[in-house]
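Several structures are given next for inspection.
Each of the two complexes below includes subunit A, the first together with subunit B, the second together with subunit C.
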Partner chain A sequence: MTARLLEVDGLSTVYQTERGTIRAVQDVSFGIEKGEVLGIVGESGCGKTTVAMSLLRLIKPPGKIVSGSVRFEGENLFARKRATMREVRGARIAMVPQAAMHALDPVRSAATSVAEVILAHRDVHRRQARASAARLLESVGIPQDRIGAYPHELSGGMRQRVVIAMALANDPSLVLADEPVTGLDVIVQAQVLNLLSDLRQRRGLAMMFISHDIRAVSKISDRIMVMYGGRVVEEGPAATVVHAPKHPYTQGLLAAMPTMEGPRGDVQSIPGEVTSGTDQLAGCPFHPRCPSAMDVCGREQPAARRVGPDHRAACHLYEGGR
Partner chain B sequence: MVAATATTTSRRRRLPQWPRARSAGERLGRAGAVILVLFVLVAVFAPLLAPYDPKAQTGLPYQAPSADHLLGTNDIGQDILSELIYGTRVSLAIGFLAALLAIVVGTLVGVVSGYFGGLVDTLLMRFVDITLALPFLPLLIVLAVFLGRNIKTTVLVISVVIWARPARILRSQVLSARERGFVQAARAMGGRPRHLLRRHVLPAVSPLIIAQFVRAANIAILLEASLSFLGLGDVTAKSWGTTLYYASARGAFLTRAWLWWVVPTGLAISVVVVAFAFIGYALEERADPRLRARRLPTLAQFGGAPTVATTPVPEEVLDR
Partner chain C sequence: MSTVTGTEVLAFVDVSKSFQGRGVLGKARRPAIVAVRDVSLAVEPGTAVGLIGESGSGKSTLARLALGLIKPDGGEVRIAGRNLAGAPERQWREARRAVHMIFQDPYDSLSARMRVHDLVAEPLVIHGMERAGRRAQILAALERAGLRPGEEYIDRYPHELSGGQRQRVALARALVLEPRLIVADEPTSMLDVSLRAGLLRTMLELRANHGIAFLFITHDLALARYFCDRLAVMFRGRLVEVGDTDAVVARPAHPYTRALLQAVRDLEVPEAPHAATASPAPGAGCPYRDRCLFTHHACTEEPPLRSLAPGHSVACHLDKEKP
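And then the complex of A and B:
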């Protein structure tokens, strides 16, 4: 395999709380190629955001990265001095943070916000930064007469576009998009998704696209990684994961989404709740909710297994080379 | 085109026009502001307003009010009204300066403490705790005696006593401000800590800084009056407190002289303090809209008929 853009190996992050240690991310490994879009899917609290924050080392106490390594463009990010992580954030790896509504400072206009991201990383004159900001905002579809608008004067979709422009400001090679379309109505969602795939094609951008909406993710991703309880339960090419899911959790996620095609059926929910992560369950984190749970599931943590070409799942159902 | 019409209408609505007060607090605040502005004008134009030089002997000692001396004269024949007018300068100036100094220090400590947390926070806050726990009047008196009597030390001493409270209050706001989405986002985008603090955190807490400043100025004026009343003020620049000190020391309370020597000055202090309190109340209400619930604004005050958001479908959607 050639050198990947991003290589995450055995990442584990915990939160030490008064009620015990929450294992938010456990032994997660994955990679992203240049220009590839990886979708990360899972319910709230399954560790998606923690993975993204861990890559940028933005985990604050009581959270802590306990093990693993992150290689980005051949460099081990965890070996960097803490103070110099700033040079990576927003420059080489950019983040589109969760909830664009709140990600913009209410007292900064769109153009100023974008210009400030440029100024944070480049030694350019303020005027130049503003000029590039204007160009960027235009490229994400903000009309030129709106670039001086303040966040409260912009719609949700517009704000999301501004935040995307901020992420792109320094030509990053990887963008971590954390729930970029959550909370937008479907039409705007579609627009933002189109914008992101546009940008991806124009700039050859690699992306990590985090969402709980597996269908939104499948529209834009090359590969999908499904997480549950801080672990990767299934990973494979987007089409395969959506059309031939192997892990019962992925199947449940897909069944919980209403579809437009095919016969009309009931929307299924997955019984039970996401594990809190404090009480360390023996075995598979999903077994208390799993419809096809077996005896082994409560005893042993299933290892990730190949279940098809470039397709892996961590489930005892596929133990023994099925 | 739709956007253009919207801008023109809102621009028309923004024509200079005195907006109506939206709550009882806002009305009080405006009353306070008017009173304060009056006092500031008196302080600024003292030489024009005062009938005499307050330091010159312009009449016989211990005169009751007359046409020549509206508030009578003091023990050495100085005009009390002129003293009151010039005293406004000293009292307000010391109040504002001490409050400014206290707020600058308090903001610095509060913001650094709240933003960086950890050991810095613990050390600074224990220091704040100690300052808050010390009984302030005795501390004030001891410091004033040690440092000597002049305006500079009075300002310094007062700010030493009052900086801790704003520090603590601002710290708690910074704790919440630093977790705000846009601050987190700025951090994720690689903003320098100094940039985050100055450009994002500070503006987010600035309404509170202003409210705390008003409060501090209020307390500073009272403290200055207390100090001067105890004879620890600057004798060369007579403030309201100094006037009261002399009134008390020269026996104004033993005769009817307290009516024109003590009451007007005392009233001036009270009125200014109340004005500050009103302004502070209105500012706090603005910073925390939950306090505004007493009377809900009517639709008319929001600018006429309810405008239903009629967002046109963007053309790019129709294209697809």
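And then the complex of A and C:
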């Protein structure tokens, strides 16, 4: 049996606030194989970013990881000394943080930004780092005559390419990409998605692709995990989750998106508001908004059940099991 | 080409606007940036026109022109048949009352220190329409914006509301003066997916029940297809294609529109052999030619907007001989 690249088991992360404990991530388990892309889909506050931050142990007070384990390349990351996490972050696991393209250092050129990431982790000469940076930038589609450009001289799509090059700088085996195409023009979105698919093939890169946009996620992911209210509600092969969703939340999310096909008028909203983790709801986090809610849904949290080949959903509708 | 019929709430007639670029010290003059050039477009009562284009295409400049916040260098912006530019102050104000805007970010566009009541009352105050029965007016606007019952929301602060509710407060602010046109700049893009459809449905009701027209700015064609009767595609300040939504989606004529549709449908892009780098030399030729897959010698001349079918026009040299 080959070990999975990443194995997350029973992860729970909370934030202690004045208004109470926010259970941002509750009992989340999943794995990523070498070279696999896992898409995490959900709306604001569903816990998708907190999952990524927890893996890297970047949760700061008042946040706290309260339980669970993370094994990466066979090693328990939660057993590591905190100070040595830097050997993992930005090197073996890299992150493309949300809106990073707006946070590039304005006084560093593209090449310098990438070179700095290399120098932070490797004992190489500055000149070597710059040469590597130049090659990396070229491989993400930045022309050689633009690598000396500063962020304000680059378009949004180009800046996102610089951020991706920074993530790849130390040849990671896993990249956590948080909303990497959000806020880009549609054509640029498609270009960046193509770049990520391409890099993944060329480098055998595994990726966690976090987004609210299930269509973008399905384009690039092998598997999709849908989160709601801090919990995983559905997980399965990307095509299955998009074309034959089982959880009422996933179904609602797909029905809420206008598409380019089919009749124009059929877009459905999910009633109610997105649940925040402060509401100490008994039962399924989605039940107040669920069109199929039953009595049991308000009392008991449904366990994840097999609903098809390699496909799980946490919903009482499938309690009988198949 | 959109001909001015006289019935439209908003009409751009050959509108151009450029901005003077300046050097660091504000002295060195740089070439003017042409934000919008020769745009003609009309919005009829109760309809929605989708303004499609990428960042920098001039969508927001057109929006600001529609609101009378900036003046065109050339052409006319008419609100309910009246040219905004030449109008005396009183008439300008009156026309302005008919047009309101809602912005992309409901977290940024509402003052955190004002209660919903005061936020919605503000336009009334500005337009000197304060009078008895104001609370009833505000409640009615809130309910039309889908915040029902209005009493439940009127005394709250923005931080006590969700993103979807805030955007509805922004909508109520627009509605309280009984506008004829709302300019909506990506009004749903900051909202959670599951809440977007609800806001869109409320806006559809406003069109059907109150005859309010929308200029709907977005780069999401799927959203525009859902909400808009007509689409106007912009590229580098020019209108490159305009037509009924179904016609544009089924028979896109401009290579840029086709690329946009492909990007939305399949999340794929036809890469131009010489991919976009900088803008082409100003004024010379088709604005899209450095990104176009079909560029040929004719493209050094700028193609005018020409009619393909009733209500469907394109600015492209391709297939010119075909009907």
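By definition in this document, the second predicted complex is superposed on the first by the 317 of 322 C-alpha atoms of A that agree within 3 Å, B and C clash if a C-alpha of one lies under 4 Å from a C-alpha of the other, contacts with A are read in each partner's own complex, and residues count from 1 in each chain.
The rule is short, and it goes like this: a residue touches a chain if its C-beta (ideal position, glycine included) is under 8 Å from a C-beta of that chain, and two chains touch if they have at least 3 such contacts.
Keep in mind that what you see is a predicted model, and the values were worked out from it rather than measured.
Enquirer: A:I187 contacts which: subunit B (first), subunit C (second), both, neither?
Expert: After superposition on chain A, A:I187 lies in contact with both partners, subunit B and subunit C.
Enquirer: Could you tell me if A:M166 is touching subunit B, subunit C, both of them or neither one (first, second, both, neither)?
Expert: A:M166 contacts subunit B only, not subunit C.
Enquirer: Of the two partner chains, subunit B (first) and subunit C (second), which one does A:A216 touch, if any: first, second, both, or neither?
Expert: second
Enquirer: In the superposed arrangement, which partner chain does A:A79 touch: subunit B (first), subunit C (second), both, or neither?
Expert: Touch partners of A:A79: none, neither subunit B nor subunit C.
Enquirer: Can A:A256 be said to touch subunit B (first), subunit C (second), both, or neither?
Expert: Only subunit C is touched by A:A256; subunit B is not.
Enquirer: Could you look at A:E43 and tell me whether it touches subunit B, subunit C, both or neither (first, second, both, neither)?
Expert: Touch partner of A:E43: subunit C, not subunit B.
Enquirer: Indicate the residue numbers of subunit A shared between its subunit B interface and its subunit C interface, in ascending order.
Expert: Shared contact residues on subunit A (touching subunit B in one complex, subunit C in the other): 187, 190-191, 194.
Enquirer: Going by the contact rule set out above, which residues of subunit C touch subunit A in the complex?
Expert: Listed in rising order, the residues of subunit C that touch subunit A are 54-55, 162-165, 192-198, 200-201, 219-223, 225-226, 245, 249, 259-269, 271, 277.
Enquirer: Can you check the complex and tell me which residues of subunit A touch subunit C?
Expert: 43-44, 143, 156, 185-191, 193-194, 212-216, 219, 252-253, 256-261, 264-265, 267-270, 273-274, 289
Enquirer: Okay, in this complex, where on subunit A does subunit B touch?
Expert: Against subunit B, subunit A makes touches at 56, 58, 86-91, 94-95, 97-99, 101-107, 116-117, 120-121, 141, 145-146, 155, 163, 166-167, 187, 190-191, 194.
Enquirer: What residues on subunit B touch subunit A, complex-wise?
Expert: 3, 180-192, 195, 199-200, 203-204, 311, 313-314, 316-317, 320
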